[in-house]
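By written order: A, B, C and D. Residues from 1 in each chain.
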Amino acid sequence: MHRNATEAQIDAVCKRIEDAGNTANVLPGATRTAVAITGNETGIAAERFLGMPGVIDCVAVTNACRLVSREMHPQRTLVDVRGVTIGDGNCTTIAGPCAIESRDQAFRSAEIVAASGAKLFRGGAFKPRTSPYSFQGLKHEGLKLLDDVKREFDLRIVTEVRDSETLDAVELVADVLQIGARNMQNYSLLEAVGKRRTPVLLKRGAGCTLNELFLAAEYILSLGNKQVILCERGIRTFETMTRNTFDISAIVMIRHHTHLPVIADPSHGVGIGWAVPPMAKAAVVAGADGVMVEVHPQPWSALSDGQQALTPEAYAQLVREMNELAAWRSKQPTVIPAQ
Amino acid sequence: MHRNATEAQIDAVCKRIEDAGNTANVLPGATRTAVAITGNETGIAAERFLGMPGVIDCVAVTNACRLVSREMHPQRTLVDVRGVTIGDGNCTTIAGPCAIESRDQAFRSAEIVAASGAKLFRGGAFKPRTSPYSFQGLKHEGLKLLDDVKREFDLRIVTEVRDSETLDAVELVADVLQIGARNMQNYSLLEAVGKRRTPVLLKRGAGCTLNELFLAAEYILSLGNKQVILCERGIRTFETMTRNTFDISAIVMIRHHTHLPVIADPSHGVGIGWAVPPMAKAAVVAGADGVMVEVHPQPWSALSDGQQALTPEAYAQLVREMNELAAWRSKQPTVIPAQ
Amino acid sequence: MHRNATEAQIDAVCKRIEDAGNTANVLPGATRTAVAITGNETGIAAERFLGMPGVIDCVAVTNACRLVSREMHPQRTLVDVRGVTIGDGNCTTIAGPCAIESRDQAFRSAEIVAASGAKLFRGGAFKPRTSPYSFQGLKHEGLKLLDDVKREFDLRIVTEVRDSETLDAVELVADVLQIGARNMQNYSLLEAVGKRRTPVLLKRGAGCTLNELFLAAEYILSLGNKQVILCERGIRTFETMTRNTFDISAIVMIRHHTHLPVIADPSHGVGIGWAVPPMAKAAVVAGADGVMVEVHPQPWSALSDGQQALTPEAYAQLVREMNELAAWRSKQPTVIPAQ
Amino acid sequence: MHRNATEAQIDAVCKRIEDAGNTANVLPGATRTAVAITGNETGIAAERFLGMPGVIDCVAVTNACRLVSREMHPQRTLVDVRGVTIGDGNCTTIAGPCAIESRDQAFRSAEIVAASGAKLFRGGAFKPRTSPYSFQGLKHEGLKLLDDVKREFDLRIVTEVRDSETLDAVELVADVLQIGARNMQNYSLLEAVGKRRTPVLLKRGAGCTLNELFLAAEYILSLGNKQVILCERGIRTFETMTRNTFDISAIVMIRHHTHLPVIADPSHGVGIGWAVPPMAKAAVVAGADGVMVEVHPQPWSALSDGQQALTPEAYAQLVREMNELAAWRSKQPTVIPAQ
């Protein structure tokens, strides 16, 4: 309350708290009086009080996440991707091209990925692109090629679903449904995948806080799909030397505050091929449950995001190094401390 | 090219440019050699060159927007909302509550809006909310109430469409289809409204650049719907004293670089009721084609965003002041200079 | 406290609060127990508690600004610049070139400014520049030219002081000491001007929050110099179409939360000459106590920041329009509401 | 040039380029004509052209950094700190408390640091603080204590210099002069340390781009002090869960684009003690030449930034792990690729 707030103003605030079934605790201080609200389980909207005479500020202290929060559910979630477990302490590699471009490109990419020992293959059939004039993916034909890859190699498919209309078709092929960064707050889509049981990889929006990411995941969990993996892929900042600012501390925060596994996507995070390996390794050491990288048989001929794809040689070296770091990591006392 | 780039490296770049059907112009400079690309109409993806030996940087100079750009289409677009023209030099007021909450609240709000002389009524039936536990709108029942408002008052309806599934239902009621900030890059939804002919109000995403906003509009225009209004509603920055940073220069840039009308939404922009009027007036003077504000019969009892809604009294005063400023503005030589 | 915090952990927190001479208020809630601290006048550093077992978060609610806050000092500050009052409800124009380049340029600029009726002239003698190879100002020779302008015209001088070493020399000429945005948190310089009695124009750093701006001003006031004017000149965001994002809501927040006058600097805010007038006018309507704009007899030949300077013609029109808006503004009931 | 630019407008641009002694290259394209400037060594200010009739945009392609750029000086800089080399491929640990608080605290901290095998001790005597009411350091008494530590232990001293006035006193004690993030663009201070020969640790400002960091270093190098170490300590973004966003990709970019060593400061980067170790390890793997961390004998009783200091136990474990990772790193083919 404002330092000059009247008794009547304080009483009005208390009344509004109690009318909502909660408890008001009046705390006179050195310069101001505070009113603490207790008894509420999910937080009270600040809008109920801001604007009332004498009210200066309204600070939320309750955690709005019931299902995602590690405080509520200390047990870590294990996500099962057709026999591959994510979140068990190992570091899973997910790799493949940005977009599926042709049968030849898909199969050559899959060979590279399978040869590295990775078990999860990424590749976009439906590509959300900033410009309507950019390549939008092969769509259903791309799904068909992913299905062929799946039958041919011992690989699980991670691919993006762009809307509810194509969800059935994508789910037929996908072992993991990816929600892209631009759709992180597309709540209709979150609700749609929340009703399915296929694991979901939820990418953080480039302009979204971690708390918003947690609440987006809360949408999916609250509808019954508990198999959610979070993904850090870079946030938008004033720095232009990298495509985004790849926020490695997000990995640490996600593991500390939630029980969900977290995957790092350094390819989108920095957007520059030669800078991907050091960032991927940093993510492993910071505690990521997995790393997703783009690899392409010929990055310079890629139809999308070629500048951030690794060559087959760089990819092979990176996987070897990440495996060594993951092995090193597993021998250390703790990666991220418990709350 | 790197200052030590070899002839062979420069030749390889030129070859790739010419293989794509464009022209390479080699420009030796004081410390580096540049290669300029001409003959391309829509820009060449940087990924084709970044990563090639000897290449240091790749700078786009072509405007990627063909349909939205004022350089290409100097004539300003007029949007017709059932007889009300937006973009003709006047400043249109759009007002109403954040969400439709009940028949009584909808009708009392509509009375306030109609009494002010405004012709467009806003109100959400489908509300995208950060938390799954927040009020999500009355949905189809809310649309029904909006339809009742439309029949009762001389008001056009601006309401948000959240997904393709509910587009038909929303379009039956809406005179303007609003695409929310979180859906600005939901390309499936952009494509869906691009195929309709109802005017679209496209809000800038909080983490999106103006160039991305223009390209999102380009999706809609490229599918045939030319009746697009852009909307600035605040961007996400490090400042926390306001909900967002309301970027008034965006209004100036939109009017300079595009031919589409632009609406300001200071309610979401600052998120604090008492700060909305000065920002709304600033937007008028900066050249907005319209201002959208939230008003509620009782802001403190609103089910969403009450802290940013105006009281009926504050709203009435604001409309009067905005009208005076718009009249003043129309007498000045130019608001935003031509390119 | 964490929902599983033990009694002993809560007791340890209370003990630490009471050992510091404050009062601990234990508030058991639905899921967690909160401990409110009262009795402290300036806020307690969160670091005293974060890291203690069982502590989840520590939220500051006390206002750290004692002298700058309008809550503490409701009376608005009037700054007297040799007979010109800033902060009395009028809107003061400050104009001139970015840098003083020559006697001819300085005098031609001063003529333009004086002819418009403005009373304050800006011009840099010591210019902080991002690159060491850019023009750094005429330094002491520039001060001499400013002094000549001051003697020749009825103009007060606003010029930047870059360091304590040159403060004496600058103060001999300056009617207002400008602290540049890059020096907003140069506390040695803030302390130096805090000990003087010449008015100070303190620019908000491009990466600084309003709360940090208020605390920077608090440094100056706490040393006895109460004649402080705050200045919004744009913040750094992800948007690249403008030089900075000119945060007009900052004007509203400064007037609401502090008693100090606020000046808008749209020239640095947007950095594009043709976009300055609409932003300047928006700032007037939003409640600025003054507007500072760059004008140059020949913008295209300026040695610094020419792209954002107004031509003499554009400047003359802008001053006329700003004066009309300021007159209009003074007739309205309130610009920014009291707290 | 604008697509409708006239011949005369293009000619005027060419004339201005040639009048400045450079060469204009006219490049007619599919929709627009571009004019490329060659023959300039340091870039031409865009302000010379923006605002000219028919000009739409002006894009800088020249690298403004002559001395800092690795393109110009491929040989990596080695910084010699009294016998300890930074930048030779090893990873140097710098550790100590945020501020020197007392003889006892300084010596106990130094013991912890020396026991870990680290050779560089950090500790602030002059502390720039956001609020004038926060602890500002012991100042000259703190320097005296640092000098005592230096005599007692085999440790080199890294401490901040806040202004030119105290530079002599600080330089008597410091083996490395630290320029704090808030002073990164305090050009008077940069010039002052540029004239000395003591190594400088230049911290990136929280709101500053990497390019601005490089240009700030360019100030120091251009005055003759070549012993400059750059430091990433987190940037300001919209995310509030961490104190700053610790930009690990900055380490990769600095090593790629400059020849200067780079130190990571994860303590300020994340600002939360338990999150420092994973970020520190990530920085090592990403290629940092050193890591600076805050350690305090009793973090919870620290007079500043205690929430981000490590306990002696956590510090000891971290140093052990960082050393293992640095050893692993030195066996890999390359960390950051050459340009």
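Basically, contacts are C-beta pairs under 8 Å (C-beta built on N, C-alpha and C of every residue); 3 or more make two chains touch, one makes a residue touch a chain.
The structure presented is a predicted model; accordingly, all values stated were derived computationally and were not measured.
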Query raised in the report: Through how few touching steps can chain B be joined to chain D?
Result: 1
Report summary line: If chain centres are mean C-alpha positions, then the most distant from chain D is chain B
Query raised in the report: Among A-B, A-D or A-C, whose interface repeats B-D's (more than half the contact pairs identical)?
Result: A-C
Query - Between chain C and chain B, distance of the C-alpha-averaged centres to the nearest whole Å - result: 30
Query raised in the report: Where the centres are mean C-alpha positions, what is the separation of chain A from chain C, in Å?
Result: 38
Query - Touching two or more other chains - residues of chain B - result: 207, 236-238, 240, 274
Report summary line: chain D residues touching chain B in their complex are 2-3, 25, 27-32, 34, 36, 38-41, 56-57, 59, 61-63, 71-72, 207, 236-238, 240, 339
**Report entry** Residues of chain A touching chain D in the complex
**Finding:** 207, 209-211, 235, 237-242, 245-253, 256-257, 269-270, 274-275, 278-279, 281-287, 317, 321, 324-325, 328, 332-333, 335-337
Query raised in the report: If you look only at chain B, which of its residues touch chain A in the complex?
Result: 16, 42, 45-52, 64, 66, 128-134, 162-165, 182-183, 185-189, 205-208, 212, 215, 218-219, 222, 236, 272-274, 299-302, 304-308
